[in-house]
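Across the two complexes that follow, subunit A remains constant while its partner is subunit B and subsequently subunit C.
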Partner chain A sequence: MAWEYAPAPESRNIARLRTSYGMFIDGAFTGGTGGSFKTVNPATEEVLAEVAEAGQADVDRAVAAARKAYDKVWAPMPAAERGKYLFRIARMVQERSRELAVLESLDNGKPIREARDVDVPLVAAHFFYYAGWADKLGYAGFGPDPRPLGVAGQVIPWNFPLLMAAWKLAPALAAGNTCVLKPAETTPLTALVLAEICQQAGLPPGVVNVLPGAGETGRAVVTHPGVDKVAFTGSTDVGKQIARSLAGTRTKCTLELGGKAANIVFDDAPLDQAVEGIVNGIFFNQGHVCCAGSRLLVQESIADELLDKLKGRLATLRLGDPLDKNTDIGAINSAEQLAKIRELSDIGDAEGATRWSPPCELPEHGYWFPPTLFTGVSQAHRIAREEIFGPVLSVLTFRTPDEAVEKANNTPYGLSAGVWTDKGSRILWMAQRLRAGVVWANTFNKFDPASPFGGFKESGFGREGGRQGLEAYLCAGDGRSGT
Partner chain B sequence: MTGSDERLAVLKTYKLYIGGKFPRSESGRSYAVSDAKGRFLTNAAQASRKDARDAVVAARKAFPGWTAATAYNRGQVLYRVAEVLEGRRAQFAEEVAAGEGLSAKRADAVVTQGIDRWVWYAGWADKLAQVLGGANAVAGPYFNFSVPEPTGVVAVLAPQRSSLLGLISVVAPVIVGGSTAVVVTAQDRPLPAVSLAEVLATSDLPGGVVNVLTGRTAELAPWLAGHMDVDAIDLCGAPDDIHADLERAAADNVKRVVRAPLGGEPDWTAEPGLHRMSSYLETKTVWHPMGV
Partner chain C sequence: MVRAPSSGGLGDVASSDSSLRRFLFGLPGVDQVGAEARAAMLFTRSIKKGSKVWALEQAIRMIDLTTLEGQDTPGKVRALAAKARRPDPSDPTTPPVAAVCVYPDLVGVSVEALRGSGVHTASVATAFPSGRAALATKLVDVAEAIAAGADEIDMVIDRGAFLSGRLLEVHDEIVAVKQACGGRAHLKVILETGELSTLDNVRRASWLALLAGGDFIKTSTGKVSPAATPPVALVMLQAVRDFAAATGDVRGVKLAGGIRSAKDAVRYLVLVNEVAGERWLTPDTFRFGASSLLNDLLMQRTTQRTGAYSGPNYFTLD
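Showing the complex of A and B:
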């Protein structure tokens, strides 16, 4: 008999949703000069809140506030005190973790299980980790007396809204910089609650500023002459535009961009574990993950067996209400992203690959795409080359380890890769040859504040996390560039 | 006829260095090189766009082998470069003195510093992984470690003033970590670079790991900055007025860009630090679960 799950929804009241949200400049929430926009729940298309949009004048004001805070308060402050502010923020994130998780799920569409168990705990951990660095920077390997850069302009994506805010703010603040952060236009809410946490933690005004808005606001932040350092996470196209816009300036820049990761399964891999890893690799967060394992490379001899198991597993995935604790697959973040996923999937059909999805009822309202895999994919197919950023897996096969490496590396990207095999020497051999910033062996999509994350090639440059993550926000004390 | 004590010297033809060979420019072009006082020294090959592309192909071809070499081996090769250079110091001192207008004594000191710079970098090859990488204490049952890995093919616009010590100081940090280099030499002072190529060719450095182009920096740089198979570019010797254009071109494939130092060429005699090496290294992080 089939065991039905009873719904186990988390209450949306926990999110303490307000009807409108201001921007956060110089320690206060204010309206702005750029009008306002609505943020919607992608699972229902209902409007969640009205959010103030930052215009050029707001960006000017935020950068000026950040500069003043940098000069007068934050950089001169004893480093140990800076660290204590970050510890405070980490604790307050923990205290409000359930609220943040529900709010994130509402605004982003991700399953509450992921927001609760992955995003928010990692946010707190990231602040804890970098809090401890604040008064130990001389031991980080960037010279005996490394210095902050000044004002950091930071633009983050919608896939992990709060986590990306933490990845940007924590190392920047620990190193002594002040920040102007622009969250994505479809997911501004948790960053604004984080701003409130900064306020409650007593963080001096101007040290962190949060400016909601779309591409225009982001452009104003990264090209502002008062910004000393730009950090961007998002698409490779926008990353290239940012790099071009900074040409000829002295502004420092780190970019964390797209990916098209290979998840490579050898014939000796523990197949049940590999299936879980494949599912986690591409269906975690609806595939809205720059390091998603979007290309499955499976050794030819086990391809049929693995695909049978994988299809069986996909049939058990539960798609639907993101606030239901049983939900595995939530909503696509926006109508625009859904259109992109549909377009590339249709191209997959048109180019001759075979599409498969499990029987899967999609909710009537909201933006949804079923977990999908394509077989019969060749390396030339667009679904094997372009980042889909959705729950779509392209399956390719290989015969020899050399062929696996060659296919895995045959991409302009180089963010991550996965290897599944029982043979230790083969794991290390593969890990050495894969041109990717993160290699997950017999696991996938694991993140930790102590673990450097970032890409090779067109997946960007600079690292976030770990000692290496400080480099983006420091220059060596002897005047040499740290980055 | 010249008397026996008045023997006419055999002059060297200064050529390019691509893929371990010394071709002339495919364009057939050359340009006159003068000493610091403007007196003619020799003709050097004037590399073309095609030569630059050939050099990138050679550097890409050499990359897998060089990056797969053990760090110990790379260190030995770099040290070998210092050894061979030591044996030819007189020639380098003469070229540096002529090109940079230095006294024989000053030029000799520059050569000494250049040799010692190779030795300094040679020693780094097998220490970078420990200094820049390591085990990461993640919150879970995983072994997690990070290692620095070479970026790939690096275009180096060598400094225009310091034709030997500056050159060594920008090339050695590229190759010590396992990347390969396409070097555009100081435009008006190219001779030490060509002679250095001869040293490299006889120092067990595999062909293609360093490629040397003499010619017009402003002509060659845009092709390298925009080349989709170049992974990083050092703008050190780029003319000021094309920096922004080069950076824009470099963005097309997200090249790592090392901007020219503020305020002109730095004091090359200072200890270099890690920055140039780490500019051409990518951190790779590997996770594996722990369990029985």
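Showing the complex of A and C:
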């Protein structure tokens, strides 16, 4: 007697999908000079829409519009008025939350449950949070009269398309900057709906510009001489290229890059919740999370027990149609990413680690990879060192707290870490020693707009979220010009 | 005091107060925030169409239809028994419920009214709901219910003893009641989780009751608030799952108190399915202690069957 849940799909009509999308420049949607590209549903490989691609001329036009809006409207505007626009955007995101969630799921491949319960609520929360800061910047700790930098060029990734747009736009706008945002080429749609929300909120033309495109468009944005500040979230390789291209210029830069986070489970951990934390750490959003807990460090004395529980739990994960409200694991975002995950997993096999996946039927069409864990992994294995950015967990063991810290820190990255123990003092002891921007205690992948997020080492620099997140978009009120 | 027969691989953890304490306090802790988050996530599952109809029918089969009031009368119990046999007179395909649950003095009435139906009679006992009586009194309470024909005994643990750390005393009392059941009646052990205050305590009390031989662990008397809650159900389901993994012995969980809507009942079945496992989705291993829940299940079932929502006047109030 099996209780099969009937399909419970969210209706795709809610997404109000259009056949083509333009770019958003100077308050209006327009075609562009760079031709167009198609965005597909990674769960089915069906083309969702044709999207205008921004060329150099479009970038020039967007930066000019942003400059004009900065000089004439946005920076001179009373800060409380800026805040009102952000509050309005936050409310409109809430009003259209269902549409945004379905569209995000279609374009990205993530489960509707996550888009609905995590991504979109956090987007609204981010705008609400920074709306509140707009008229209180003098109390943010950057001098009595901090000033905006000017035009921000922002390039965001495909894993949380709308949320990353919110992380970039909200603090920049609250601080008085104007923005030129480039969404990822595989997931441009929700950022364009957010642009529409900005338009409907009456945001003055040029304050927010959204330019879809691929790497070339991104390069044109970040190297544009009219851009005062670059913010990038994405791979460490591209981050390094950006840092090199901006070296020696006056352009300010913050980077939020890759990670290979350790999720550390001690023998006195609340085991059932640790299992949930491990699952949430690496299988949330198919592991397309820069701060994913992709290395499980488990104390040797409980390794077998924990792995048994973990495997039992993985067998209950529901992989399939991202629009089904009961789906836990959605599609891999692109064929390219799927190839990368396969390649690194094959390397894991070749290096002698043991691969395990629960019995799991993959859909025929689309890009899919089953939840996977590797045991018998050592620090020297590539799957323990390189970011896979997929639903693949490497399991390592340790014996003592010192060894856990050493292994956790033994990586070029340093974005996040998790510590699981019932002992409060050990949490603090670990947090002092872990070289990671975020340390979660008895939880993982928990986000809040009030909490700063960012990396150590090659995971980047600068913080997003919280009071600290304003710093990237302000210069201290010490008399020097921000532009 | 007689010891419980040693269960599976767990040996003699209840051979002394200290070894029992070591065992129960050696169980992994429960992180309240994480447990609440997991239960809340499972409550978002969307159960539709055929899977919903199945769940509604199964939930009806899992109900212990309960009346535990000072004002209970034989007439009231007979009415409840009639409802238990045929919950929906207008639809003979409706399954009967699992049991009728009453106070010991009304067991005879219920047994008589249910004869031949396959529906069990459950009796609360052991100075329900407070459990504040001498052990001898509690055992007489149980013996009388059994003598009157009860198939199932719902006992309460001594929460005072549990909270003050007299764990072996609680254990031995359950063992004594189990013996009084004499193999004739199934034993459900009520933990009264609303008085245990922490999920760590819920886990320890669950294991304590399972070690002592309880066939079911049950959340609440229904007389204390909060009664059954999602995180408490989660922790108890984990306990029976882990107990079965350790001993091979499959025990049940009964949620009682506060579950009134069909929607919540279906959500709890999701919890059973995804936390303990499919194996537990039967009346032998999972029960709802409820009264008003039944009518909502019947109403929703009719709605699924006919496509129209008929309203409460079409269902009997008993």
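Things to note:
In this section, the second predicted complex is superposed on the first by the 477 of 483 C-alpha atoms of A that agree within 3 Å, B and C clash if a C-alpha of one lies under 4 Å from a C-alpha of the other, contacts with A are read in each partner's own complex, and residues count from 1 in each chain.
Methods note: a contact is a pair of C-beta atoms (placed from the backbone, for glycine too) under 8 Å apart; a residue touches a chain by one contact, two chains touch by 3 or more.
This structure is a prediction, so every number in the text was calculated from the model and none was measured.
Once the two complexes are laid over each other on the shared chain, residue contacts for A:Ala269 go to subunit C alone; subunit B is not touched. When both complexes are overlaid on chain A, the residue A:Asn326 reaches subunit C alone and has no touch with subunit B. Between subunit B and subunit C, more residues of subunit A are touched by B.
Contacts of A:Thr443 after superposition on the shared chain: both subunit B and subunit C are touched. In the three-chain superposition model, subunit A touches both subunit B and subunit C at residues 442-443. Residues 125, 141, 143, 236, 239-241, 243-244, 246-248, 250, 255, 257, 412, 427, 431, 436-443, 446, 448, 450-454, 456-461, 463, 466, 468, 471, 476, 478, 480-482 of subunit A touch subunit B in their complex. Those residues of subunit C lying in contact with subunit A across their complex are 28-31, 33-35, 37-38, 44-52, 54-55, 58, 238, 269, 273-274, 278, 281-282. Taken together, the subunit B residues at the contact with subunit A in this complex read 131-132, 136-140, 142, 144, 146, 149, 151-152, 231, 243-248, 250-254, 256, 259, 262, 273-275, 278, 282-289. The touching residues of subunit A, counted against subunit C in their complex, run 1-8, 113, 117, 268-273, 276-277, 316, 325-326, 422, 442-443.
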